[in-house]
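Given below, in the form of structure tokens, are the structures.
You will see chain A twice below: alongside chain B first, and alongside chain C after that.
Right after this comes the complex of A and B.
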């Protein structure tokens, strides 16, 4: 007589909170996990670059111009004989600051606007929706370029320019979530218990929309990084001698025929980072989706 | 007679739809006395829930309270500023909802949500948590100290409804409105929740407005009952009296359609013929006339008003009124119910 006792079925973890569930699902997603590890390393390098780079990133002539990779200069040198690796490390700082900084501002702008429009509806919602549509209607590159030229090309101004062209997605997402959530019974129950309006918005509605908000913000980071790289590529980004992956790629493209290493390094760094953020965003979307009970 | 704690006068709530205006609550008038338990019964769509929501100005869009008064402590709740009504919600008049599954916020811890109900009305934080545990014990949730840290989905349906009741009682309100609090629960849990409400009503003296479609719930808990049909009150009176001697044909039919254990086997379960009226185009005259077995010509054309037909008991029915008038004139008695009374005694349903 064979009684099969499956021990593993019993040791299934007790279902806990949304977040620990999500974390469990995220860990099972290999690609997202690899992306997360890569991003942690990148952040580590960016922090390290505050204190240490192999060479001073702005020091010219420390290697022959266009020197190919060697033991002393792992990624070679650029057109002014500056160390590519050092510049790439500083570039990581710039990219992360732009990507994360932009999304923090987008959150600060888009979330309250979306909550207010979705919760109060009426004329407020109509105005917000109209403004969002206007911003969608204007080409973002044009707006960003004009803003950078008006404000001057500093890191802060570039971030502002990107926020101005990218806040609408978040506002629209949060508005939609709020419209759906405000009809739910627990929101009615919270109102019936006398919760203050701000408490309703940030204490009851926002926590329920946090999953989609986080996913949206994660996808927003690479798009901002790419936008900054593009602005720098056009020369409207971070100014010399501060390197950005975009401006390094531009210098590299000019020399692509005889010093291809100059364009390859920033291009790979940029691609890997963009992919990592996108994979992480995908993983988070799956992990935070309550319907994917795996 | 004590003074009522809440007086509802000619309350009217309308919903503006594409097809026209639906009057979900039509001239509803009633009093609520301190410490009593008032039942509001009716079919789905009879306007009982909207009545409750109207009291606290919580009617969802596109609904609007268009007329009437809700007097509470000499104030008309329909007129005071939004911030004042917000303070009354949850502090003086609390509400618990039908489905405990969906009326607790899924991403916030249960204890935290009960704390919140108190914090919104100025209780200090340290005190709130202490009282939350006390409340959870009062509503008989076992291991209250650890349950406060649970998320709603970690609790059973019955426990969630207990937590909702705890939340409703957090600020010791003088009125608790319970909108079908047992409908989503299974029968044994229903009985426990009703018992809990009855105990709390007795112990704390909280007046309860019990909204339900279940006559058994009314019999078990309430002292007075209001019967609603198509947005209007059709009958009102003490529970015993209404069960013994219903005066409106709708009430009579409702009571007759309760399944009974002691019914003969071959006896079919009686239902009320027809369907609830379309409130977009309510029937002329008495709204119940298309389904009424006792209708007379007058019912097709004239709308009856709510009149006293027996001591403390009011009904809106031409036939009953006619009879009452004759009784007072000591004429013959026309008994509307063949076999007199509903045949259901409230004690049997308890």
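Right after this comes the complex of A and C.
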């Protein structure tokens, strides 16, 4: 054992940082790597769809209604004779924009709140904790539905609704990390050398909590995508003719007896994407926090 | 187990739930009135008839007066008003009946979820790092990555279409046929519960692995107890404690998930009414359904908190 360790140390003279270490561990996780490759492809498809789709996604009647998959229309056509593949590609855009956009906003809201509550504690922390608990107590999907219902269904409003119902996960995580970090010696040292509060929070504490934050954000993306799919499935998502995987699945379910291809394609796309983000999140967690027990 | 403190705790929580319910219905009531369009817009009515209808629904008063009357009726008589679409249909008995159906479906799904999750979790932990463990662990990631409507679609596709010859395709929920026919609940319960069963399984596995290495388990083994007794009696009891922490989110997830599942399986519960009433712009029913949901979520959380006390005697309120 000792020999192995020494050989390792000799063969890697460069001091490994947390990030290169994590990258090395992540590469060894085949499932996470496969997930990452899938997601890169998906992003590629979503970007491609900005410039090119086989057919116009809103063009109706370019194939017979409910046409099954064929050479001209690889995934068949939907109830209005629109090309499924083109719609699936645009749907990928919607899902990614919602997933990533939501998490960026959640980061912008949750991280500062968590940092402030965890660092200053006292009444601020109590208020934040109380608000977080209140939000955990209400059913997120229903609150999001009310919000979309009241604000009107648009992509921006959907993202807002998801952020309102999902920001607590990040705030709670960052608060917990901050509570633990603020007692550490290096923070004491920073305080002793007169670091300003902003520098303290964002320069010393946040970088050290970055690993868990990244993992949490990665897990947050599929939950936001799922959320959007739910809203669209219930008819409160992005509005026709813009497709979303959720609304495509809804159209498919309505025709499930005679055109099952309509539900299968979006269902598989959605499940694969959610799975990929979850596997990637698992992999990142193992890579960034080797002590965490699985 | 339940001391005087517990009763006070329950009392406080019930008051809190009541306030939450009133707050939710107020927000929805006031929010809905901001919506463009007319609640009676499908009717194409004019003149006196229209005025009469508005008066009938108390819609001809200023908003705050409407709100006051609505609140008084709700608090004193539990009256949620009358359907805008189906004239004369009182909303309170309607949503209460639907609530019963939803609770039955959701309760079955909850039992199913916990049972399946515990079984998978325990088996995976007992067979740690064997193929059984890998299969179950992978299944559980797949499970919580699949939206419940995707699972439901596949179940309908498989059992309703491809296996129609075998199943007869009659898994759809039939009104009035549900008493004593638990078979019709399996598919909705599976679709509703499987994602959460996966989470329960992961948690159970992790906490079982922790517990099974404890000294008292070794003692039990040394006493010569059978492995099944050790797992079921000694390990599982303690492994359950972290699992209970997700019961609250789980119950809420099943309640909200039922909105989708009830629509897919044609179950005439609260979730189906909810989607229907939004489509119909039957705003008073929307308010009523939200009120019911808020009450249900509050009660579910309370029950979960009380369960902690039952399972972990160290916790007191």
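A few notes on this one:
In this text, the second predicted complex is superposed on the first by the 276 of 294 C-alpha atoms of A that agree within 3 Å, B and C clash if a C-alpha of one lies under 4 Å from a C-alpha of the other, contacts with A are read in each partner's own complex, and residues count from 1 in each chain.
Here is the rule we go by: a contact is a pair of C-beta atoms (placed from the backbone, for glycine too) under 8 Å apart; a residue touches a chain by one contact, two chains touch by 3 or more.
Note that the structure is a prediction, hence the values are computed from the model and not measured.
Annotation for the three-chain superposition on chain A: chain B and chain C fit side by side.
Of the two partner chains placed by the overlay, only chain B lies in contact with A:194; chain C stays clear of it. Looking at the superposition, the partner that touches the larger set of chain A residues, chain B or chain C, turns out to be C. In the overlay built on the shared chain, the residue A:185 is in contact with chain B alone; chain C does not reach it.
Using the contact criterion defined above for the overlaid structures, shared-chain residue A:141 touches chain C, although it does not reach chain B. In the superposition on chain A, A:50 makes contact with neither chain B nor chain C. When the two structures are aligned on the shared chain, A:208 is found in touch with chain B, with no touch to chain C.
For the pair chain B and chain C, the minimum alpha-carbon spacing after aligning on chain A is 21 Å. Of all residues in chain B, those touching chain A in their complex are 56, 58, 60-61, 86-91, 94-95, 97-99, 102-108, 116-117, 120-121, 151, 153-154, 164, 167-168, 170. Within the complex formed with chain B, the chain A residues making contact are 15-18, 121, 183-186, 188-196, 199, 203-204, 207-208, 210. On chain A, the positions that touch chain C within their shared complex are 136-142, 146, 149-150, 222, 226, 229-230, 233-236, 246, 249-250, 252-253, 256-257, 260, 263-264, 267, 270-271, 274-275, 278-279, 282, 293-294.
Within the complex, the chain C residues that touch chain A are 20, 24, 27-28, 31-32, 34-35, 141-142, 144-147, 149-150, 153-154, 156-157, 160-161, 206, 209-210, 248-249, 252, 255-257, 259-260, 263-264, 275, 278-279, 290, 293-294, 297-298, 301.
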